[in-house]
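Order as written gives the chain letters A, B, C and D; numbering starts at 1 within each chain.
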Amino acid sequence: MDYQHIIEKLEHKISKLPKTGKVANYIPELQKVNPDKFGLHLSCVDGKDYAFGDSNELFSIQSISKVYTLALAKEIVGDDLWKRVNVEPSGNAYNSLTQLENENGIPRNPFINAGSIVVADLLLSVLENPKDDLLNFVRKISKDESIAYDERVAESEKATGSRNVALIYYMKSLGNIKNNPEAVLDFYFYQCSLNMSCKQLATSYKIFADDGKLSGTNHQVFNNQSVKRINSIMQTCGFYDEAGEFSYRVGLPGKSGVGGGIVAVHPRQFSVAVWSPKLNDKGNSSLGMKALEELTNLTGLSIF
Amino acid sequence: MDYQHIIEKLEHKISKLPKTGKVANYIPELQKVNPDKFGLHLSCVDGKDYAFGDSNELFSIQSISKVYTLALAKEIVGDDLWKRVNVEPSGNAYNSLTQLENENGIPRNPFINAGSIVVADLLLSVLENPKDDLLNFVRKISKDESIAYDERVAESEKATGSRNVALIYYMKSLGNIKNNPEAVLDFYFYQCSLNMSCKQLATSYKIFADDGKLSGTNHQVFNNQSVKRINSIMQTCGFYDEAGEFSYRVGLPGKSGVGGGIVAVHPRQFSVAVWSPKLNDKGNSSLGMKALEELTNLTGLSIF
Amino acid sequence: MDYQHIIEKLEHKISKLPKTGKVANYIPELQKVNPDKFGLHLSCVDGKDYAFGDSNELFSIQSISKVYTLALAKEIVGDDLWKRVNVEPSGNAYNSLTQLENENGIPRNPFINAGSIVVADLLLSVLENPKDDLLNFVRKISKDESIAYDERVAESEKATGSRNVALIYYMKSLGNIKNNPEAVLDFYFYQCSLNMSCKQLATSYKIFADDGKLSGTNHQVFNNQSVKRINSIMQTCGFYDEAGEFSYRVGLPGKSGVGGGIVAVHPRQFSVAVWSPKLNDKGNSSLGMKALEELTNLTGLSIF
Amino acid sequence: MDYQHIIEKLEHKISKLPKTGKVANYIPELQKVNPDKFGLHLSCVDGKDYAFGDSNELFSIQSISKVYTLALAKEIVGDDLWKRVNVEPSGNAYNSLTQLENENGIPRNPFINAGSIVVADLLLSVLENPKDDLLNFVRKISKDESIAYDERVAESEKATGSRNVALIYYMKSLGNIKNNPEAVLDFYFYQCSLNMSCKQLATSYKIFADDGKLSGTNHQVFNNQSVKRINSIMQTCGFYDEAGEFSYRVGLPGKSGVGGGIVAVHPRQFSVAVWSPKLNDKGNSSLGMKALEELTNLTGLSIF
């Protein structure tokens, strides 16, 4: 497939689309971003890379980090993980308490906030230096030692994160949190604060496109079966209550964040990261969704 | 891939698994089935077929028919369909009224009962002889003129279908039903009453595995893009509130019915139908789910 | 207490209040009413009556009839009634299906639609000529043989009552409806269609103010204990999801209808009926609520 | 009325009833109580008192304190209170998060935990020494300077109160908590930890039976209208999701606590406190409910 040609056509198309939606504003740090930024980086498993726009600029990856922590937890804890969090799409907003109430504190899936907080709790029980260990892991699979947490973002999340405090104490009241809730949230907010570029994101997610192998090597970081399963969860749960819509339009597993980033994976073909800060009603990057839909149209590819 | 060898191994494995669960008992007709039946038929897009067990025996396909009506409606009505039904996983039981109440009578997706009733309503508006037209379509793609409705099942569903009456009148009260509710339900209950074998099901679903082409021909019944989209909906919504679990374990788009049948599709590889009447808690064939999980393990294939 | 003086002051106050809200418009018949009508009739247990405005004009009593059928059913069926309907305030809209779904088809109380439909079903099982028997009962306690159903209203309700069809079939699916749903709804819609005046309503409800005695006699129609209990249910459940607000502001048991009528009861003192067709957001007569609040302020009386 | 005779009959009846239910066990302190204790104290507005059993024994009043804080807040803040908390019955469990989610963080009423926490937050904003001020108030209206908080209970609640932490942070995330959540909860847990006897409770609640006057005096602590309104809220909301049942059976405004206490009020007649630690499914004293129902039967009195 002539990706170079496709990417050029895509860049042209995107340049003509209006930038609609609203930048996330629940913390001041996220609001400071230039709303008109747009970047895309596509990284093929055969080693070729294609990019345009602000693809090397750092932004707050937010919930995109939930896939990293899930993959780590799955690797360390194994299927016991699923006693604490489910794999079903949520059908509710990402931070709903109602569902927890109806389901005894077991979050619907690891990509809603409650689920990712449980994953953070699990990692806190098994990692020696959770923040460092996670950062080293992300740096390794992204092949970039410069990646860092944004402490201002993490602290700002902490200061405004009452809903997440409610979620964790509610799950604690139902027996599904084992560590100190404040320590868990500290780790959780730091993971969300990672600053990364489209290039770094696409590189790191290639591990999910390439059956668990570290990008450009034969080193099997995750086993093949685990990667298939994580991709499956991205497919059914990666976009809050717009997961079906993304699956329908784009047809690839993926994960979005309120910083405006989206990463998607075409197994055995490529990983692609896109960034545009303005969000639609559902909290997903508006232009990012359209760019990936257009990519599917241009390549004719989808997993279906 | 040596499917013959895989199918033999699968048959051996299945024979050793216990048959757990309970046959659907809400209508007497479904309860009459021999609970220990098991059949599987795998049909490759290259034309080869593999089968074992009771794969030629007829059973009530029930909700598996929802994919046929969706495909027809999508073909005829196009994307206007999505004004009347959504594509998001439901996160609730298949016949929940709560979700409808919260979402103004727009069903979550076309595979929950409410959604499929809306699809039936749409077809009633555009087909001349809805029951005949649907039957002819199913016969064509199954390459079998003997396929028929089971009137006793249809009438029995009608007699016990108070929940579905509630669903349709509730949607009517919210403006999402256009035809006479009783006519719509009559059509709906007939579509659910289709009697088919694993072989017929696998053959008919090959249209979704083969980019919309009629099995064994180059005749494009559905366009490529539509098929991708229907597969995507099967992936995220095909198994009631166990869709995530099926996606996680099997990694293929599929659809189940309370008659104990399941059909799954591996795009550009094969379609497979399995039948075992005993259902798990979620209303999906217990052994059928395990058989398809085992098939994934043995082939190493999944769309992820 | 000098009720004459109080009623005059009340009339003066009411005349200065704006008539806000909207006339019920879900059936054409209800919409035909003159929205500026206002009537009030207060009937003391000592035999005196006070009234002003359009207090002799007939209007559609709608849900105010639910107290009549409850009282009849309680009298005939006794406490077995409570196996089929609960006595808890609903906390939800009057025609919610969600609550039924969560509580196995047992309606929260006899004054939400679902509950009153169950009461109608109970009466259908025990009355010989349900419509005639109910009408005769209402005529007797209202001391007015001219009271009649409004067939156009009843038929119009039937034609637009999809939500109520949904409610009854849903309860039937859960085993809480024993008779033919259409016969039950027919009876239910007729009961709602009763045309009565404030005078007739106040007279009939005096039975609840006077410990069960027929107005102006010593004939004990209902026993004392039953009346206390029905008053208690009016107190906690008589105003849909505004029951607490009415109890807080007015402090009397009462029942409202979407025709704009409200009846309230001060045990051992009086019954009072008020009518003003414009409804607030919750479906209760806006000016009617205010009039009764003002009455409480002027008399200094409430049951608390 | 010959209360002495009634109380004797009641004592006799109670002695023959089985003590069913389970003592509250979510904190060790509550579990230490002797489950077979039973006390009752009835205090008439004319100054006479009647009692039997363990009516002078101290127990943890728990949610019965919610009426004290509501009355204080209503007195100080006035009707602005109702911008922060509603007066509708909840229809849900006392500590539900779902309802808050559906209603933007405004609790249904001041007697569910969320509502009482908002009341505590309001008091924290206006009282100089909240804990001391509340204690002094309770001592004054109970006419007993010995009343005290039980610090072990308060601290134990704090240690196990994850659900309440979830509630307060959730309301904070929706803007309905103004003070430091931990300070609010500290005050809230202390108010729940008050140790009082039936005698003290009945004496203090006489203020609600006697139109706001301090027991045995003409000192108007609360105005008449406020007291009517608080009684109304007790009537509709005093017993969690069993408020309708209590109103139906007993017909008096009242408030229960998980310590097994219940206080009820007959306006202008008496207040009555009963204590029996074993709770029914809904968290209300099982024998306490029966005792008050029996009292209603024996006196023939209810507000209806």
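Please note the rule applied: a residue touches a chain if its C-beta (ideal position, glycine included) is under 8 Å from a C-beta of that chain, and two chains touch if they have at least 3 such contacts.
Chain labels with UniProt names: A, B, C, D = Glutaminase.
These numbers were taken from a predicted model, which means no experiment stands behind them.
Chain A (Glutaminase) and chain D (Glutaminase) have Cα centroids separated by 48 Å. The centroid of the Cα atoms in chain A (Glutaminase) and the matching centroid in chain B (Glutaminase) are 32 Å apart. Distance between chain A (Glutaminase) and chain C (Glutaminase), defined via averaged C-alpha coordinates, is recorded as 55 Å. Touching of two or more other chains is recorded for no residue of chain B (Glutaminase).
Chain contact topology: the protein chains form a single closed ring, every chain touching exactly two others. Of all possible chain pairings, those that touch are A-B, A-D, B-C, C-D. Put simply, chain B (Glutaminase) touches chain A (Glutaminase) in their complex at residues 86-92, 99, 108-109, 224, 227-229, 231-233, 235-237, 241-245, 247-248, 251, 253, 267, 300, 302-304. Here chain A (Glutaminase) touches chain D (Glutaminase) in the complex through residues 96-98, 100-102, 162-163, 165-167, 169-170, 172-173, going by the rule given at the top.
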